[in-house]
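Next up: some structures, all given as structure tokens.
Presented sequentially are two complexes of chain A, the first with chain B as partner and the second with chain C.
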Partner chain A sequence: MIKVERRLEQPRWLSFAVPVGSVGVAFLVMALVLVITGHDPLHTYKRLFVAAFDGKAAWNDTITLATPILFTGLAAAVAFRMNLFNIGGEGQLYIGAITGSGVAFWLGPHHAKVLTIVLMCVCGAAGAALWALVPAVLKAFGRTNEIITSLMLNYVAGLLLTYMIFDSASPWRDVSTVQTRSFPQSIALQPSQFWPTVRPGGIVIPFGFMLAFGVAAVLWVLFRLTRFGYEMNVIGDSQRAARYSGMRTRRKILAVMAISGAVAGLAGTSQVGDFSHVLDASAQGLQAANYGYTGIVVAALARYNPIAVCLVGGLLGGLQNAGLFLQGADFPSGLVGVMQGIILFATLGGELLIRYRLRLGQRAASAAETAPAAEVA
Partner chain B sequence: MRGITKRFPGVLANDAVDFEAAAGEVHALLGENGAGKSTLSNILTGLYAPDEGEIDLYGAHVRFGSPSDAIDAGIGMVHQHFRLVPPFTVAENIILGEHRDEARRFLINPRQIERRVAALGERYALAVDPGARVWQLSVGEQQRVEILKALYREARILILDEPTAVLTPQEAEALFGTLRTMAAEGRTVIFISHKLHEVKAVADRVTVLRGGRSIATVAAADATARELAALMVGRDVELAARIERAAPPGDAPALEVEGLTVRGDRGEESVRGASFTVRQGEILGFAGVSGNGQRELAEAITGMRPVAGGTVRVHGGKLRLGDPRSAIRARIAHVPEDRLGTGVAPSLTIAENTVLKSYRRPEVSRGPLLRWRAIRARAAELIERYRVAAPGPDTRARDLSGGNLQKLVLGREFSEQPSVLVAASPTRGLDVGAIETVHAYLREAARDGVAVVLISEDLDEIRALADRIVVVYEGRITGEFEPETATVEEIGLAMAGGEGT
Partner chain C sequence: MNDSLVVQVLAQAVVYGTPILFAALGELLAERSGVLNLGVEGMMLVGATMGFWGMQRAPGPTSLVLLLAVLTAAFAGLVMSAIHAFLVVTLRASQIVSGLALTIFAGGLGLSSYLGNDLGLADVPPKHQFSDIDVFGLKDVAVAGPILFHQSALVYASWAFVVLVAVYLGRTRLGLNVRAVGESPGAADSMGISVAGYRYAHVLAGGALAGLGGACYSLAITPGWTDGDSLVGGAGWIAIALVIFSFWRAELCLVGAYLFGGLSGGLPSALQAHGYKIKPEFLNALPYLMTIVVLVLVSTGLARRRIGAPAALGIAYVREER
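Let's look at the complex of A and B:
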């Protein structure tokens, strides 16, 4: 008989070993699925690795796909750390794209690049922060459930994004060519407004990717070393203990949601500034990628640790990149989704092993006897 | 029950426990917290399966796969926390989960059940209206419903887990009468308690558990309270006796509360115009049955709960009510009833919890940053000084035992040099050794000139510690007593709503 017991102590090495082991298990299970569907698992995994991490082109695509989910992962990690379930990263991303590109359109191409980029980031972050403050205010003063309100605002933000471009009177709509008159598209950033890249050894690293790492570092310091981070930890753990210690919980809810929204907004701004250079409201655009929701998964896998978010975000970017590469006539895109699903399932399931241990029925008696007697209710 | 052994991860909760109770007796199960009383009763009621050992019932070997097996075998249990559905009537609660006779039919006949319940209530002096809804009942009445439920199911063995914790002395006395009636009919009553005088008052025999083992079974009439205490703890103990104070309390009023009115969680007036003064170095004991506004009173003074009216002054300075920071600035220390969820943040470390109230001070924070090295040093000092049994400052608060957790909370609160201390049920759930320590710390605080508000349901504790006793009933202060001269009966009467002096 197998028993599940709560661990009294959680050794540190477990929190590294279990996720790695879980990914291993996921690949084993996936191998079974691949064999059943008539694919050679080893061959597939090799192609997968090659597509994601072998060679400059692979790395470039992985980094491109990882950039937005680093931001949304960090955004979710900030809020979730305080038990504030901001599911609105997706919508905050749209708003960040709208306000960030809006200020670039307004400025025009004849300003210093530094000024343009700084203003885009500030406005993108600020717009999304204000958007995130709507559920925050409702939660702090009306005790509404932020999961529902932030999620619902995603749809509002999506419709707003569509409206900005598909409304024929919008000044942001490109009406310069016949094609854009029939297939609506936003006006584009001018090349002088494009975000820069660095290319060490031929790998293209966009500015947004570096910015995400900067944000992660700032958040790490915030969580680890500051009073603000300490208060977040206390509030996240016990609201009553927070009140007992005289913390201003409402203000903290507003501040943390605003930070979370701002970081998610940067994901949208970076999409415009780094990659698409237009405000993409089409069916294949921002609204198809689900970066906001992926970010929640990244944050959960990284256990809300900003440094781990960078790692997990990179891996998940690679997986998505490989998925795009693999899918084709002989490899349905559905299988890619199955693979991602299995990995997520195994990693989240593995969490159980960190908190509990499995024991075979009979043998463990001696362990219990030698353990010191503690209080049992 | 023979050789009952039950293991939990890291703990041997029951170690080859032998226990037997005869038909027609009240048998007390005495032991400290963690001695294995609850585990043993959970095994007897089928909630846990023992790892080793056997249970014989009226000569026949039994094996319970689930609680319903135990109920069918005639074992009933009254838990410390009642298992009742508040919006249901008494009769509905009694047939809940019942699967015989009329309760099993698709259409149930409430009148018939209510009649049977009323008849049972009359026979055992358990007066309660079968048609009343449970949320309208007092705690004592709810307990009667639990007992009626067991009787309705024709329980031949009834287990009561610390049943007097929620009762006034008079109500407890009535309960003892009921239990003796049941025993006289040939039922077996197993009475779990750690209060010695109750065990002496009601039980025929006593089995003492300690550290998961059964230590002894003695006739209650033959053993003195002191002997029982020694068996329970494993060494001689001072029973909570009054210790004369080295220095009498000063005259300067430290805490002045006037006309305090506070609403409870459901908007009802829980504290109605309470006024009292605590002098420097004085321990003012608040006696009362749980749920008469004590919690709300403590939370109002410490700023945890907004206040509907009244004022609180500390050394003459008026407090901004409903703001914990104002109370902290006035150096009101607070040992909350709920240690683990309120007194500390459970998943955080001892170090982090050490500065829960002082993290804004310059000693531990510099600008926006916290000085972690200073904080850890403080935590290590606190662990040392208050003898918190913990591996170090990085141990999480939730991994501490109840007694050590309370030492951590007390130590932290004392290290802020408080002028007032509000302690709510500071020893609830602690074992005898930890209780002694907490009492010593409270006396020490009073000696250092702290005005102590001690709220407790344990009348013995209040009588042993307090310089003055006030009784609260339904949010009002209904009596004031001198602990040296007042009798338990007088105080108990006031706790039940009678007029005090």
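Let's look at the complex of A and C:
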């Protein structure tokens, strides 16, 4: 007989142990799925680790794929922390790519690189923040469910992205040569506009990756040391209590959603500035990897802590990297999503261990007299 | 007459509305018992995948094969929803995050892609598919013929389910218990109704219906299987929104589903067939934009009075904390 009772205090070590355990459980469950479907899990896992973390080339790819995930993870962490479910990271990423690249195309290649990068970031973040404000305004003033509205806007943003590349009237579309007139693609950034990289010891660290760490640090300060962060926590716990104590919950919803959108938008801007240098609607492009949804997994596994997002983002970046480059009999497609899903399930199950205490057998009966208990099995 | 744009749009609205209707009815059952399941999109995708697989593998005459395929799809959806039920009912996890996890797990880059590729379903021509039935030989009747009397068996099954769900929730003892569990689980518990039991049963039923809805795509509307999430393309999310628009009532789900069916499938294809030149991206964005618009209208106006929303929706029931 297992009894479940509420913990009065949540031990700190559990908030580290549960995410780590979740990843472990995910690997175990996935191994079971692989065996059932006739694959060799050890071989698959070996290939996964080699592709993701063995050698400089592997690390470079992992960092490349972790970059957007860090941003979307931070974006989800900001919003989810206040129980504001911004599922629109995916769409906000597209918009950040559109507006961020747009300003670079408009500026042209003959400006200082610093100016170009700053303007790209500002416009990318601002465009995505405005996009995220749509569900925020509807939530704050119309009490409309932000989950569905932000998600629906993902599809709209995806179509907008396609439109920007395929429509001949779009200023994003390259119509300079015969080839691009018949095979639509966007204008490309000029080399003078590419975002810089740092190469310590042969590992390429793109500017966007460092920017994400900067954003994480700023968010950490915001959550820990400011009144804004404190009020976010209170509103997250109880919106009613926050309102009674005079906090402006509507404003907070708008502000937090805008921040979340801006950070997600930077993921898209950095995709263009750091890596693809064009707006990409192809099968390998922005829409292929579901970075926005992956961000939710990252944020939940990091328990909405921006510093932890950086660690978890690296791990899931490795998984994404392996998923993208390995595919075949011993690395089935869809494995990445399945793994991410199981990790999230395990994290959720682990939350039970943080909030509740499990008691086994005889001790449960005596404990039940002193503390309220509910039966699970 | 029957070739006119309006009739064609309406006939297509019924076709494209049917998967949304199945999924919405399923979500309705789960939500009426107090459990929000945001995993509908994922369950539909797995249902579509496994339904198509069942159809390719099952032996026998077409009608039997299709029945087996539909049952496979429903079972697949049910299994997916069982994960959600376990997490939120037994482990009291956040219903929102668990539902999202289910969509990521089962979705277009997850299990449905894994299964579809592993079972070799890509680019396989369908052996069987649902064809339109000429009911009572009325298919050529003006207006009503193409819309009501020349549809697939899935459409007629969905009507039966609407009646079933409406009667079950509104007119039976069990349905009353479900509503009690969704409105006030504490009161239901003290009356001896098993809150966990009802919630499990209805989340599972909801999963089965979502799987069935997914099968409408792979067996009837666009027979075949494609990798990724384009097969269902957001219909699961629209179904969740639809439950809100319909004020948690089965008969209103029917109306809403056809409205969105018309926008997502009927209107674009009919307009193209009649030679109207509208940007395809704009047409494809319509159902998503309309979902937002209707949701805003409903949540700012009528639902201020919260018509129909189960009071305990989204809240885990813990006996000692009520």
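FYI, the second predicted complex is superposed on the first by the 325 of 377 C-alpha atoms of A that agree within 3 Å, B and C clash if a C-alpha of one lies under 4 Å from a C-alpha of the other, contacts with A are read in each partner's own complex, and residues count from 1 in each chain.
Criterion: a contact is a pair of C-beta atoms (placed from the backbone, for glycine too) under 8 Å apart; a residue touches a chain by one contact, two chains touch by 3 or more.
This is a predicted model, so every value here is computed, not measured.
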| item | value |
| --- | --- |
| Chain B versus chain C, judged by how many residues of chain A each one touches | C |
| Touching partner for A:153 - first (chain B), second (chain C), both, neither | second |
| Touched partner set for A:246, first chain B, second chain C, both or neither | first |
| Touched partner set for A:237, first chain B, second chain C, both or neither | first |
| Touched partner set for A:275, first chain B, second chain C, both or neither | neither |
| Touching partner for A:227 - first (chain B), second (chain C), both, neither | first |
| Contacts of A:213 with chain B and chain C, given as first, second, both or neither | neither |
| Contact residues common to both interfaces of chain A (with chain B and with chain C) | 6, 372-374, 376 |
| Parts of chain B lying in touch with chain A, wherever the complex brings them together | 7-13, 33-34, 36, 38-39, 51, 211-212, 302-304, 323-325, 327-328, 334, 336, 338, 341-348, 352, 356-357, 359-360, 365, 368-370, 372, 399, 401-403, 431 |
| In the complex, chain A residues that touch chain B | 5-9, 225-228, 230-231, 233-234, 237-238, 240-246, 357, 365, 368-369, 371-377 |
| Chain A residues touching chain C - in the complex, by the definition given at the top | 6, 37, 85, 87, 134, 138, 142-145, 147-149, 151-153, 155-156, 159-160, 162-163, 166-167, 289-290, 293, 296-297, 300, 332-338, 340-342, 344-345, 348-349, 351-352, 372-374, 376 |
| Complex interface listing, chain C residues touching chain A | 38, 83, 87, 90-94, 96-98, 100-118, 227, 233-234, 237, 240-241, 244, 279, 281-282, 284-285, 288-289, 291-292, 295-296, 299-300, 304, 318-321 |
